[in-house]
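Have a look at this one.
Chains here go by letter, A, B, C, D, E and F, matching the order in which they are written, and residues are numbered from 1 within each.
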Amino acid sequence: MSSRDELDKLLALYNIPRAGWLIRGVPAAFAEDVASHSYLVAVLALRIAHEARGCGGGIDEGKALTMALIHDLPEALTGDIPRPVKERLGDVVGRLEEEALGKLGFEYLKDLYAEMESATSVEAILVKIADDLATYLRAVSYLNNGFEGVRDIVENTRSNVMSLVPRLPGGLRECVQKYVASLLEYKAR
Amino acid sequence: MSSRDELDKLLALYNIPRAGWLIRGVPAAFAEDVASHSYLVAVLALRIAHEARGCGGGIDEGKALTMALIHDLPEALTGDIPRPVKERLGDVVGRLEEEALGKLGFEYLKDLYAEMESATSVEAILVKIADDLATYLRAVSYLNNGFEGVRDIVENTRSNVMSLVPRLPGGLRECVQKYVASLLEYKAR
Amino acid sequence: MSSRDELDKLLALYNIPRAGWLIRGVPAAFAEDVASHSYLVAVLALRIAHEARGCGGGIDEGKALTMALIHDLPEALTGDIPRPVKERLGDVVGRLEEEALGKLGFEYLKDLYAEMESATSVEAILVKIADDLATYLRAVSYLNNGFEGVRDIVENTRSNVMSLVPRLPGGLRECVQKYVASLLEYKAR
Amino acid sequence: MSSRDELDKLLALYNIPRAGWLIRGVPAAFAEDVASHSYLVAVLALRIAHEARGCGGGIDEGKALTMALIHDLPEALTGDIPRPVKERLGDVVGRLEEEALGKLGFEYLKDLYAEMESATSVEAILVKIADDLATYLRAVSYLNNGFEGVRDIVENTRSNVMSLVPRLPGGLRECVQKYVASLLEYKAR
Amino acid sequence: MSSRDELDKLLALYNIPRAGWLIRGVPAAFAEDVASHSYLVAVLALRIAHEARGCGGGIDEGKALTMALIHDLPEALTGDIPRPVKERLGDVVGRLEEEALGKLGFEYLKDLYAEMESATSVEAILVKIADDLATYLRAVSYLNNGFEGVRDIVENTRSNVMSLVPRLPGGLRECVQKYVASLLEYKAR
Amino acid sequence: MSSRDELDKLLALYNIPRAGWLIRGVPAAFAEDVASHSYLVAVLALRIAHEARGCGGGIDEGKALTMALIHDLPEALTGDIPRPVKERLGDVVGRLEEEALGKLGFEYLKDLYAEMESATSVEAILVKIADDLATYLRAVSYLNNGFEGVRDIVENTRSNVMSLVPRLPGGLRECVQKYVASLLEYKAR
């Protein structure tokens, strides 16, 4: 694809409501899209990295932000496939996402994408935390709007976050833990 | 799932914009949802069956309409996965769709679903024609609204329809051909 | 109208939010459209017919599904007129709907439409039940979203369903009754 | 109804997309609602009355603005019934609209509403011109967005405006004519 | 600007969701737009003026309705700036709004706009009451939909209304007070 | 504000359609929101930095991405004020934005924000290019949808980009120039 075609495809991320909301009853005109979600994940990663610095944690911010920005980028070509379906599909999804990354002009970030997926670095764990936190916050607000179907997402993302934090190295774990806890207090009415 | 849960899930079809439009630039608040699309496919199947009768064609309408109604029903659980992705995923998608059908309360229609997918009966071919025609008509109208990205869908669905019609039995082929041709004249400005 | 014009008009059903929701405070971007509603009615009719077979009930499925698909089809030309207004308008609405059916290419279904309207057959009663059930389920979910104004629809459709079921013939009444009861348990929080 | 209920109903005007757009293919999330339309009619009436004063025309502005504000107000209860349907329904619609006006707390404006409907005063003619002009301007912009179906509305409203202006009294006709002509130049590309 | 350009700009009011809702979490597809809000303010002003007449209050309705119609009209050019931001910006906003009024073809109403802003006449106070009441009613309904963030608007507008009413002259204060009180009973569940 | 309140406010960026589109006629349900726009700016900054590396350009990616992510972040509190209005408001807007940054939990990034605003570093210039490019691409697509009013934005952003590129240091200017040129070819039909 030419640069123009690549960008054209990326603009589609504005239009893709996250499938997890849709299949739980949130109307498309109301549901968060992939671009907006990715933005929040990146901003949360930025904020968490700042908290981590308070504990002297050495985070490579450029790396963390890049991971956050590309974590759902392949969906511009694949659409958003619900998590339980993805889990059933196995390795082929990973290959499709990698190909998509290439077609969208980010071939050079394949290794970083794989690192993020496997959560094998501090930055990758941070981004996973940011991803689940962003989803948690959105889910809580949908619950407040009466979309009862999202309750499992509230529970699952909260529990994901709580199991990810202990995997952070000792130096910064406490500061992240404290910040994250203050957000998980944000419960549905 | 209880009947209530099954129905709850089915209501999600209202919220799922078809992925083919989204990844080609049509905004979610504008894009056709799976429930509406399925409705149009069923109405077109009804109409085409009527035309077929004009040539003395023996169509089992109950069967054709049922196929039309369930042809995208598994998407209430799987979301809408874009066609090129599906093709790459292979058999596993078929199994997931079959399972979804069961979870949604339509276990008893699995054979019919498989028959539709493989297009091995007159009714199944009719529904495939209706599916592609419905998508063609929508694509043409999006093209008129300036969504240039859908042009390949206009071409592909038109060509799908034209290759499906000859597979109909001689008795009704001509009547269907004539009706279908009158709709394919509906071109973008 | 040509086939093309007929279809063009039918596509409008995607755009028509049901008036009952709108005048009770549900925003247009949120309200169910006529095409989606008709789809759910048809799927519910399919499902109820299946339950009826469990009691040995002889349902003509092709007929029931056709009725479900066309029950609001004239609204592509007339728009959706709220029920209390329709009741005041008298016979003229019926004539307008019949004409609309003709203009949309379904002249040959006028008798079936009239049969459905007057609920004079098992299939027609089934479709009426499906229609009210579909509206009931939607109303309950809007109530959960805080649209207090739809409460009368929850009550009215529930009571309509409960008065329609006893009009079914003995053979299948019990099976339908049981299924329907499991859905009417779906109450607002 | 209590004042609260009346207002509750009026808020529904925000949710009611104008039926004329919907049945011509404009999506609900895109179509002008009745409240917004009524606002534009009132602002246009204000503006035209100002132009009329330039010719020394004596317009009762309070009366004209009141007519503009209430000209579609009954739709909060009746929904928006497409013009061709209304014409077929005859006098009963007028009675329903009058009743609706009463239920919404504007019983005391029934005579003014009737005067507006019959276009028997300068102010009423002005409001009719503003109504058609507002619809014309919206139709032209929808045409630019590729909604080819609204073309007849462009033609009809333009011709309505041109036949209404000569019915104005000599004193102000010319000034209104000049202003209106400058807007009717606003054509689709 | 030509008349055509002026109107073109005015049509934008349909598209501008009120900023107060957006920054408090109400999605754009759900939030009231400036045109719809202005319509409700005008209708409320009409209604309150009617109540005032019950106490013999002499209201110039043409003046009050004109004020209501133009009270947010400059936003067609300036967009909707949240109230706390406006307060910080000082006099420059007033000048920008006045200029906008001119560019939109309503130069001749600058004095009336200033009178409304400073609430120095009965009509201006009435419109301010209508403005806050309209916002109050909308806020209560958003609160019912679970948008907890708008709670401060419910409180502020209610208190604004209650401090505005006593500024009305004795002749009509009581009638307005009674009507307004019946609407402020409209609380969130 | 607590962390929870800060995040609550940030979620509002999903709801804020960019004012530039709204006042030029793009409906709110269709217009790009601030969060999605900011995402695209960050992704474009990432991509351009990659191109710059091809010429040996030394870009601090963490810094560039952070700037991109926060460039419109204050709008969560201020709403989106159209560019011409901002220019008239002078320094006070800068102070309000700085305060907003603090209230949203990013006090520590005030200097970086100021650096970005004044475009005094390579990274800041890159982000400005990305900002204008992202807006250009969106404007072109709205133009294709028939929103004629955005034409001035197409022209202005293109010209902004072309005047920004020469301000980049020699080492990377050429590579960025080449990439940017390939995107500016993306013209409206």
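Assume a contact is a pair of C-beta atoms (placed from the backbone, for glycine too) under 8 Å apart; a residue touches a chain by one contact, two chains touch by 3 or more.
Owing to the predicted nature of the structure, the values given are computational and were not obtained by experimental measurement.
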| message | Over the chains that touch one another, what is the least number of steps taking chain B to chain E? | response | 2
| task | Could you work out which chain's C-alpha centre is the most distant one from the centre of chain B? | result | E
| query | Same or different: at the chain A/chain F interface, is the fraction of residue numbers used by both copies above or below half? | reply | same
| query | Turning chain B onto chain C with a C-alpha fit: angle in degrees, nearest 5? | reply | 180
| message | How many angstrom lie between the centres of chain C and chain E, each centre taken as the mean Cα position? | response | 41
| From the C-alpha centre of chain D to that of chain E, how far is it in Å? | 22
| said: For chain C, give me the residues that contact two or more of the other chains. | reply: 8, 11, 14, 25, 27, 29-30, 33, 141, 145-146
| task | Chain touch graph shape: choose line, ring, star, complete or other and state it. | result | other
| field | Which pairs of chains touch, using the document's own definition | value | A-B, A-C, A-E, A-F, B-C, B-D, B-F, C-D, C-E, D-E, D-F, E-F
| message | Which residues of chain B touch chain C once you look at their complex with the stated criterion? | response | 2-4, 7-8, 10-11, 13-14, 29, 32-33, 35-36, 38-40, 42-44, 46-47, 50, 60-63, 65-66, 69-70, 73, 105-106, 108, 137-138, 141, 179, 182-183, 185-186
| query | Of all residues in chain C, which touch chain E in the complex? | reply | 25, 27, 29-30, 145-148
| note | Per the touch rule above, chain D residues touching chain C in the complex are 8-9, 11-12, 14-17, 19, 22-29, 31, 33, 76-82, 85, 88-90, 92-93, 96, 149
| said: Quick check on the complex: what are the chain D residues that touch chain F? | reply: 29-30, 141, 144-146, 189
